[in-house]
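For reference, the structures are reproduced in the following blocks.
First subunit A sits with subunit B, and in the next complex the same chain sits with subunit C.
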Partner chain A sequence: MKDNPSRPLYLVPYYIWIALFVIAPIALIFYFSFLDLTGAFTLENYQNFFSSVYLRMTLSSFWYAFLITVITILIAYPTAYWLTKTKHKQLWLLLIIIPSWINLLLKAYAFIGIFGLYGPANKLLQTLGAGPWQILFTDFSFIFVSVYIFIPFMVLPIFNSLDKINPALIDASRDLGASSFTTFRRVIFPMAINGVKSGVQAVFIPALSLFVITRLIAGNKVITLGTAIEQQFLVTQNWGMGSTIAVFLILFMIIIMMLTGHKEKGGAYNGKTK
Partner chain B sequence: MAKLSKSAKLYLVVVFAILYAPIFYLIFYSFNSGGTMSSFEGFTLEHYGAVFNDTRLLIILMNTIIIALLSSLISTAIGVLGAIGIVFLRNRKTRNAVLSLNTILIVSPDVIIGASFLILFTMIGVKLGFASVLISHIAFSIPIVVIMVLPKLQEMSGSLIDAATDLGASKRDILTRVIIPYIKPGIFAGFFLALTYSLDDFAVTFFVTGNGFSTLSIEIYSMARAGITLTINALSALIFVVTLGLVLGYYFFNQRAGQTPGTGGAKL
Partner chain C sequence: MKEIVRAAIAILLVSAILLYVVNAMEKSSATIGGGSISVYNWGEYIDPELIDQFEEETNISVVYETFDSNESMMTKIEQGGTTYDVAMPSEYAIEKMKENDLLHPMDHELLPNLENIDPYFLDLPFDPGNEYSIPYFWGTVGIAFNPTLLEGQTFESWDDLWNPTLEQEVILVDSAREVIGMGLNSLGYSLNSTDMGELREATDKLKTMGPNVKAIIGDEIVEMMRREEAAVAVTWSGQAADMMWINEDIDYVVPEEGSNLWFDNMVIPKTAGNVEGAHAFINFMLDAEVAAQNADYVGYSTPNEEAIALMDPEVTGDERFYPPEELRERLEVYENLGLEMLGIYNELFLEFKMDMEN
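On to the complex of A and B.
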C-alpha cells in the first residue's frame, strides 16, 4: 500500500463527481440566491425572506417539524425499548423497517383513501356516532401521515443504541436499589441518548423539507420549507427566491446536525436515513 | 432478559398493525371490482390487467428499470474505485475532507439536490429528460456505494496486498484478484442499495425530469394528484412484492458484508 502510482487514477471519476455534483450545485444555489427574475444581482430575495410572509412560513414549518419529531419519539421510543426485549429482535426490527422501504408516494396515496370522505377512518367515526369529517387536507392528516412515515427512521437508531447497553449495568443499578424508573432515567436514557439524537436528525430535517406529503395529504393547508422551494422552482419559476429558501434550509440543516451531532467511533451509518 | 408484559406486547402489536395496515389496505382494494377504495364489491384482477395493457405505463416501467440498472451499475463502478482511492489516501486531512464531501449528498434533503441539479443541468445545457435523470441518479448513488464499500476495505489487512506484491502480482492483479474479491459483499450491498434508491426516488427526479420523460414515481404522483384510480393499487401491490424481494436480497448481501440493517425505501 505504500507506493502506488496508479492510485490517483482510481479517484479521477470520483473527484469529477465531487466537483460537479457536490461542490458546483451548492455553489450554484448560493449564486442564484443573489439573482432576481431577470438574472441581475440583487439582495431582494434575502429581504423577502425576512418579510412576515416567509418568516411565518418558516416558523410554521419548524413548528410542524417539531410536533412531528416529538410525537414520533413518543411512539418510537417504547417500540424500540420493548423490541430489544423480544426473542427474535433482529427479525422484529426488520419487520419494523420494511415499511420504510415502500415507496413514500404509495404510503401517502393509501392515506388519501383511508382519510377520504368515504374511507375507513370516517366509517369508524360514523359507527362511533361522529363525522363524517373532512380529515384529508388538514394539518391533522399531515402530522399523522408524517409520523407514520417517520416511525421506522426513529425506531432504528434508538433500538441500536438501546441494544448496545450492557445488561450488567442495568442489573447493577437494580442491585444498588434503584427503582425501574430511576434505572431508566439515570442509566438507560442517558446511555441511549445518541440514538434519539440520530433519530431526530433523520426525522426533523425531512419533516422540514418533504413536499410530497404536504402536496398529497395537506393540500395547501401546510406549507413547509420544502414545499416553498418546490413551488418557487417548478411553479412560480422564481429560481432566485427558491435558492434563497434553499440556502436557509441548508443553514438550518447544518445547525440541527451540529446540535444533534455526536462523536461515535467507527462512524455508524444507519443506511438510508434520509 | 425480563419477559415482556402484556401491555408491552399489545403496544408492539398496535404499532405493527398501524405500520402495515395502509399497505395491506392498498393491496386489498387492488382486487376490488368497484372503482373505489371505500366499498369492496367483488374480486377482480382487471386492475392488474389494466397495468399490463397500458402501453404508456409499461414504457414508463421500462424507463424506470433501465435508469435504475444503468445508474446503479455506473455508480457502483465509480464508487468502488473512489472508495479504493480514499483508503489509499495517506494524508489524513485530505481523507477526512473527501469523506465529509461524500456525506453531503447523503444528508441533503432531496428538494435541495433536485433544485441544485436543475440549475446545474440548465447552466451546462443538459437537456432535461432521460440523460438528466440518469446522471442525477448516478450522482446521488455514488456516495452510498462508497459508504457501503469503505468498511470492507478498511477491515482488509494491508499484508494481503504486501503478500500479493511479494508474490509478483501486478497492480492490476492486486485490484482484480485480491481487493475486488475481498470487498465483493460490500460491492453487492452498495449496488442493491443504489438500485433501491433509484427505483424509489421521487423528489430529485421530479425536479430534473422536464416534460415527456417519466418514471414510475412521477407517474404515480400525477395519478394520485388526480384522485383515486385502482390501477395505482394494483401497481402498489406489484411494487410491494418487488420491494420485498429487493430488501431481502439487500439484507442477504448485507449479512454477508457483516453490516447492521438500515432503514430505507423512501428517500425522504
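On to the complex of A and C.
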C-alpha cells in the first residue's frame, strides 16, 4: 500500500469530511462567539463570560465532572482488572457495555422512578429501617446516575490496556521477588495508564457538558456549562453567548487532552478496541 | 476488509429499502385527496381523535409534530427547511413572529367558525384584528397543591411559597419568565418589568426560597404531583388540570397579587406549504363540538363560547380554570420584551438556579 502513488486520492473524502464536519463547525462557533444579538461584532460575550455567574458555573461544572470521573475510575479500574482474570471476558464485557446502548433519556426516566419517594430505592431503605429520604433531585442522585452512565466508557479502555499486558511480564516481576502490590504499582499500573487516560477523556469531557441529567435527575439544582449552552441557543436565542461558552468548552477539552495525552510510543496500548 | 464491505452494503441496502417505503407511504397518503398539512403543536395539546376526524372529513392527511417551548418552535421555523402549516405559539411569541415576518395573514372568509369565539379573546393587543392568529386555548399561571400532604396550608399569596414548613416541597416550572415573573408579582411589580432594580430585587427574593425548592423541571411536574412526590407546584393551569384529572386531592389557585394570563393562538407560518389546508384545519378546530371535545381532553380553557355551552357546566363554571372577567383584571399578559430583555431574564434565572440557598 505504501508505494501506491494514488494513495493521496483515497484521502480526499476524509479531508472533505474533516473540513466540513470538524473544521467548519468549530470555525463557525468561533465566528458566532464574536457576534452580539443584532449580529454586530463584539467582545462583550467574552467579557460576559468572565462575569461571576459563568465563572462560578465553570467551577461547579469542573467540580462535578471531577467527582464523577474519580468515582468512575474507582469503580471501573477494579472491574476491568477483574474482567481480565475471568474466563468469559468478552461475555462479561458485553454485559457491561449493553446498558450504554440504551437511550440516555430512557435511563434518566427510569431513575426518576427508582429514586422517587415511593420508588424501590426508598422501599429498600424503609425495610432497613431508614428513610424515606429525598434521593431524587440531590447532588447524590446526580453523581450516582452520571457515574452509572459513564462506567462502560471507563471500563472499556482500561480493560483493553490491561488485557494487552503480556502475562510473562507479570510472571517475571513475581519471579524477581516483587510482591503483588509492587507488581501492580511498578508493572501493571504504568503499562495500563494510557487506558486510564483515555477513559478520563471519555468521561471528564462529556461530564462537563451534561445537561439532560441536570434537569431530570438534579432538578436543575446542578448547573453545568451544557445547561447554559442549551439555554442560550434555544431560549434566549443569543447564539453569540452560546458560542462563547462553547469556545471555552473546546478550550477546556484541548487542555484536558493535552494533560492526558500520550507522550511516549505507548499509544498502541489503547484506542484500539479489541 | 471483506466483512466491512459486506456490512456497508447491508446498511446501504436497508437504507434504500426504508427510503423506498417512506416514499411510497408519502405518495399514497398524498394521493387520497386534499394533500397534507403539517401541524406543529405543544405536547399533549390536542385530542388525537380529532386529527383522525379531520382527516376523514376533509381527506387532508395530517403530519403532527410537537415542541416544548415557544422559543424552540420559533428557532425551528426561523431557520427554514420546515413546512409547518399550522403552529400554536403563545401571545408574546406571535408578536415576535409578526415582527420577524414569519407569519402568513389569516383569510377570515375561510374561517366561518370564528364567530364561535368569545369576543373577549379577539382583537387583543398582540394581534389587532386577529390578522395573523386565531385563539386556541388560554389559561393562567398559578399554584397547584395537594392539601393531603400539607397541614392546612393555603395559598392566597405568592409569599406563602416561602413558608418554612414547605421545605423541599415546591416544584417550579423550568421557564424564566414564569419564575422571575412570580418573583416580580410577589413584590407587587409588573410581570413585564424591565427595571433592573426590580428584577434584581425579585431575583434576590427568589434565592431565599432555595430551601423550599425541590426541583425546577418541565412536563415531568404533572407526573411528580400525581404520584404525590411533591406537595406544591408553580405551573400552568392546564398542567394543574391534568394533575387533578388523575389525583383528585390536588387543588389549583391563582394568588391574589396577580399572575400571568396567557393565550395560545393558531398561526400559519410563512413557510407553510398548504395555506388552504391550514385554514381548513383552523376552521375545523373552531367548530363548537370539536373545540368542546378538545377542551375536555386537553384540560385547558377554551375561548370558544359555543363550545362552552356544550361542555359540563361543572367544568366551565369552575373559577379556577374559567376565571370571570373581573378576576382576569388582576392578571397580566406577557409582552414581547425583546431579545435583550429575554436574555437578562434568562441570565437572572440561571443565577437563581445557581445561588439557591440550600
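Here, the second predicted complex is superposed on the first by the 241 of 274 C-alpha atoms of A that agree within 3 Å, B and C clash if a C-alpha of one lies under 4 Å from a C-alpha of the other, contacts with A are read in each partner's own complex, and residues count from 1 in each chain.
Keep this in mind: contacts are C-beta pairs under 8 Å (C-beta built on N, C-alpha and C of every residue); 3 or more make two chains touch, one makes a residue touch a chain.
For clarity, every value in this text was computed on a predicted model and none was experimentally measured.
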Using the touch definition from the top, say if A:Q134 reaches subunit B (first), subunit C (second), both or neither.
second
Counting only touches as set out at the top, which of subunit B and subunit C does A:I112 meet: first, second, both, neither?
both
Between subunit B (first) and subunit C (second), which does A:S209 come into contact with in this model arrangement: first, second, both, or neither?
first
Who does A:Y10 touch here: subunit B (first), subunit C (second), both, or neither?
first
According to the stated criteria, A:S60 is in contact with first (subunit B), second (subunit C), both, or neither; which is it?
second
Please indicate which partner A:T236 is in contact with in the superposed arrangement: first for subunit B, second for subunit C, both, or neither.
second
Counting residues of subunit A in contact, which comes out ahead: subunit B or subunit C?
B
Figure out whether A:F50 sits in contact with subunit B (first) or subunit C (second), or with both, or with neither.
neither
Of the partners subunit B and subunit C, which touch A:F181 in the superposed model: first, second, both, neither?
neither
Output check: A:F41 vs subunit B and subunit C. Expected answer is one of first, second, both, neither. What do you get?
neither
Dual-contact residues of subunit A, meaning touching subunit B and subunit C, are 112, 116, 118, 215-216, 233-234
Can you check the complex and tell me which residues of subunit A touch subunit B?
1, 4, 6-8, 10-11, 13-14, 17-18, 20-26, 28-29, 32, 75, 78-79, 82-83, 85-86, 90, 92-114, 116, 118-120, 123, 148-153, 156, 160, 167, 202, 205-206, 208-212, 215-216, 226, 229-230, 233-234, 239, 242-243, 246, 249-250, 253, 257, 268-274
Okay, in this complex, where on subunit B does subunit A touch?
1-4, 8-9, 11-12, 15-16, 18-20, 22-23, 25-26, 29, 36-39, 77-79, 81-82, 84-86, 88-89, 98, 101-102, 104-120, 123, 139, 142, 144, 146-147, 158, 161-162, 171, 193, 196-197, 200, 202-203, 206-207, 217, 220-221, 224-225, 228, 232, 236, 239-240, 243-244, 246-247, 251, 260-268
So in the complex, the part of subunit A that touches subunit C is made up of which residues?
37, 53, 56-57, 60, 112, 116-118, 134, 136-137, 215-216, 219-221, 223, 227-228, 231-238, 241
Quick check on the complex: what are the subunit C residues that touch subunit A?
69, 71-72, 74-75, 168, 171, 174, 176, 213-218, 220, 223, 227-229, 339-340, 342-343, 346-347, 350-351, 353-354, 356
